[in-house]
């Protein structure tokens, strides 16, 4: 479709979506954990903006709320928490990913194609203005998945996990203007708790192995 | 007593318990308090059940919760096993404390999380809102992660981490599935779709839901909740988590959490099948089921750790259940529900016995556990009987359900029967060759500071035995009703 | 109640339950030998006698069935008592009576399972065997069948401290379970689309030949595994010696027969008309088992192993008989088939008595000497005459010597083999008589084995000094042995009556029975048109008369003077007990003749060896060639599968990722 | 009346057999002596030996059990019973329906088992050795004998000896190639079962080769006498079985005294010939090593089976 046909705010939305995807690619390639966290924060911010836009456009009250949630949780709290953690634990770099960057990128591209294809039928049905971005949401989720697969540090895996959450959130929003409030709250709560649990976790792992390298966590297996 | 009130008690007790024990859980009498809360929960569940029997299904709290033939007996089962496990964990945790493996802070965490875990499972079972169900499932994971790592050993940390990440990622897929479901439902049930995530509503309109979307949704849901069920190849967190946590937790994970996850999968399957009007979801389930059964059967051969062994056996049985639900139809569903019941009873009983056995031997390695019946016949016979039951030996109930499943398989999926039987045979050899020396022979075990909790073990086994010989009519009617609800061809 | 008393089925049900209750009573005082021995086992024996009586009377009653309200909701427990079940119930009851009486005196305090618990397992074992015979639907049959396996497993592993016994028990239960799976499958095939798992539905079902054949083969595998048919026999020589003697007696004497019962039930009743060539398979397997078993028995040095292998032989004979019957029935030779079946049933009955008797005899010896190895026994006939003479009856009977019972059944079987040449199929009518040749060979070898068995244990000089202190069995044990011995004699001397009953038994299998002429009660004329007859009583009488006359004559004409002195032994002096033939030595000709059967490991001393030792270990080729590789295969697969789980979380994430993507792709 | 007469004839027949048996043995020995041109003992020698033994005191090993003393009577009884069953003179005898050919084989087996057990009873090296060898011979000879009988009974569709021989006798000179095979087999079995050369040498006491004598080593006096007598009777029985199966001609099928007398003559003639034949075989053949004995009997077994196949193939 040609962009000019669309009203400006929608163009903006699509751009935001594109940026989200771009960010997840950046995360996929990024090895410096501090930067990873910053990227995550930016992703959260973009989500927040997108939500606000939608809220303004549709006038759906609960979207403002969820935008607020996003801001509080994903832009401010979590990045702060993670930064604090890495400062305490002193992990700044992830080691070389399992698959080298270019390879990962290639796979990422394939994933994008795949998920766009996947999203076609859904987008066709969607009545929302942002229907085209469903594919992007799927792509973000899958790429985050890929990120988690390729990383060796617990921390960066968590970041991947969170960006997956972002993808999901974006998907929910673009497909259906967000879930019912009760669910939104529930999800947010879960994410929050998960992060707190993680905090505890990291310290436990640290005091055991004095490192967050996942290769210490490969002893339980069948293949002796 | 009205259903609503009972229901509030049912959900409120464990939540309150979590709170109270969160403050006082380290005290010497905390285990008894834990039991008391569980008992109250169980009583509430019984009361609720009797209400349902008399008045039929109910929908509560602006339709956010509901009780129907399918989940009512699971609620009772969950509450019951919760109670017996609490009973078992009384002496067990005391012994752990005296062995110095657990301090009072950890004990507090343990008790509070135990209650919380119960609450989340009860919510997941009773909620009508698929979104809420997802939240509860995730909460169930979170509440148990720290229990898996309770001992702070490297292995337990690794197990906990894997549990957290794999289930977290899995459940995230389930969320996406839920979103898609919502997306499809919204079309039918209107904007702001108040009821768009309520299972009861969806069930009514399932035929109109958009197949293309629902098939995608189902994939995400299946992979998501399937991870928690422990279907191969998504099962990898399960043996670690079972083996490294405290045994009561292994018992409830195996006996209850897997059931709840399975429940979620089936709920979704009902909707999707209704919309697709095809046997595709069923076939997927069968595929996962068979794969799990076969892989687990062979994994069993390499086990050295007692709890790990039975964890794999859980994967195997979840596979059987999944396969049965996949086949669908009144008999298969009936059998699957029966199998869910007997498996959770038997498996938790086994974990009780194994728990005491490991404490006696001071090790979880099966080579270190020898000749239980010479020192403590009750634990030994409990383990032996439990294992034989789980292996599908008559006259225990597991045989009844496996008999039904196999015969139905011969009818509907003849090709699958030999595979199933082969796997069952392999599993039999594997498990039994390891259990026998644990129970028989010269002993290595030592006495325990506290008498082992035998009531739970033998109550469970007695129930399983009864189900093998005689299924009470009302229970059978439950199963039938639920089977009808689940449907399938 | 009155109506209960009139219905044999309900009576049986009552008695089987009574067995269960007696067993449970054992838990009241689990540690007390006296309570279990003096009170419960005799009670069990009484129940057994009652079962035998009821079964015998119900032979004349019409078949009846009931449905209990337990079991699965849609498949409650169906029970049925027809004359076939009655016959086997009689076998069970009669044998169990003797064995229980013996057991009352047998069990002592010792290591392993406490007596009360053993009492429970023992009576559960009995009851479950009874229910196997009564079951009339797949579920209850499997229920009873597996309970039987389970309870007997626990009995086998009574002395669980000994590693060999544990592994024996494991092997036993494993093979039993796999066999059970096969049986279950065969039921699944037999219901033939009706999806009713009652036996009535299976009788009604019309299977096309292919399915019928597969059902038959599955059943053959399943029941063969339980019966110990070669090559599924490996568990038997391990498990029978491991168990306490009364249990070995029950397993060998009765449990193996339940497998035979299952085979008959499936082949002739549930499947309806068997196809003639099925019989050939059974014949081949049976005859091979018979030969294999007896040859290995001749080579054994452990008295209970020897008996176990002899059980394999007898099972072989039984199954070959069934095979013959199938061939005849399949080719429309009803009379011949009836004769073969009667021979089989008769032999089953005989074997129950003979083999139980022998096992109990070994039990008594084991108690008296604590020795199972033939190489350390001998001369016990002086120390324990009761056991010796009663065991001798069993030994002669199982060797197939007239006028005892073993001979009658083998005689009948040979008679039915004589019909073989009339089978229409070419080749078959030539092969079958050769089968007869093998059968005869096996029977003759059985004689060899029994001479070895009895001679080495009871005759000659004691090979160990300790044997001088051996004591004879107690009253209860003697009574038990006597019961069985009398059974052997009666079954041997009154064939006409027994056969009259048995020909009624085969009627539910669709056979009219034999055209017996019930002229003279002492004369057995199975087939008048063949003018063959057998009158063991006359036989017996003549021998007795001659013996008496000779003794009298010798006394009358000459004298009865006897002098005792050292053995003559060709004038060699210093011969001691070690110079007697050992068990190995006695088996040597057989090992020499049938070398290909054995996997032998010999240790021959050199001529100048200061401390010469001769050792020979007999291995089972089938075990090495079939079972070990199978085990290795499973392990190898397991190792291959284990590669999937390498502990790296990324890999696991990859698994779920791939799964997800694949499924999504499927949906596209 | 006839019944009474039957019984009379039966008992006479038995007595005749029992009394004639040693005579036949003597005859065989005499013939053999002639053939090996030694000076022959009197034909009555066996009687003398038996009488002498009866007069002696029985010396029994101190550790011999009752079984040891029972065995001789048991064996003797078995052989007499066998004699009662075999239609040596007449076919219409009351006892003959008490047992058929298979039972007869069983009877011989019983005797063998008792002999062997008795030999093991004292527990000397030779006794057990003899017992083992005897059983080894037995488990091969019995099947062979049964196969032989099978062939005959396949022809006559019955296993009752009298019926078989009646049938074969009445069919005037029908040729049965199958019977030719079995006749050879039977001869071999006969030699083996009766401890004749080439399997055993009744005239030797060389420990390492003997079988029959090794069984009797511990016996003396009356017991030995009974054993020897039983052995003679066994030989006699076997020969009679041979007649019944292969040369049944001249058997009395009725109880007419004349017929009986006639058939007795026939029997005598056959016995004379048979004795000479056995002696001849023993002279011309050499004693086999014990280890070869199984092969010898296996051959007999195979011959019998061959006979069976021929019978089935040619239907004759």
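Odds and ends about this structure:
As written, the chains take the letters A, B, C and D, and residue 1 is the first residue of each chain.
In this text, a residue touches a chain if its C-beta (ideal position, glycine included) is under 8 Å from a C-beta of that chain, and two chains touch if they have at least 3 such contacts.
Nothing here was measured: the structure is a model prediction, and the numbers come from that model.
Highest inter-chain contact count (C-beta pairs) belongs to C-D. Chain B and chain C have centres, each the mean of its CA atoms, that are 44 Å apart. The centroid of the Cα atoms in chain A and the matching centroid in chain B are 31 Å apart.
As a whole-number value, the distance joining the C-alpha centres of chain A and chain D reads 102 Å. Separating the CA-averaged centres of chain C and chain D is a span of 36 Å. Counting partners per residue, chain B has 161-162, 165, 169, 216, 299, 302 as the residues that reach two or more other chains. Each of residues 118, 145, 148, 157, 217-220, 222, 224 in chain A touches at least two other chains. By the definition of touch given earlier, these chain pairs are in contact: A-B, A-C, B-C, C-D.
Listed in rising order, the residues of chain C touching chain A in the complex are 641-650, 653-654, 657, 660-661, 664-665, 668.
If you check the complex, the residues on chain B that touch chain A are 64, 129, 131-132, 134-135, 138-139, 142, 145-146, 149, 152, 154-155, 157-162, 164-165, 168-169, 172, 175-176, 178-180, 182-184, 186-187, 193-194, 196-197, 210, 212-213, 216, 239-240, 243-244, 299, 302.
Chain A meets chain B in the complex at residues 118, 121-122, 125-127, 138, 141, 145, 148, 154, 157, 161, 164-165, 168, 171-172, 175-176, 179-180, 182-183, 186-187, 189-190, 193-194, 197-198, 200-201, 204-205, 208-209, 216-220, 222, 224.
By the touch rule above, chain A contacts chain C in their complex via residues 98, 114, 117-118, 142, 145-146, 148-152, 157, 214, 217-224.
In the complex of the two chains, the chain C residues touching chain D come out as 378-379, 381-382, 392, 396, 399-402, 407, 411, 414-415, 418, 421, 429-430, 433-434, 436-437, 440-441, 443-445, 447-448, 450-452, 454-456, 459-461, 523, 530-535, 538-539, 542-544, 546-547, 550-551, 554, 557-559, 561-570, 572, 575, 577, 579-581, 585-586, 588-589, 592-593.
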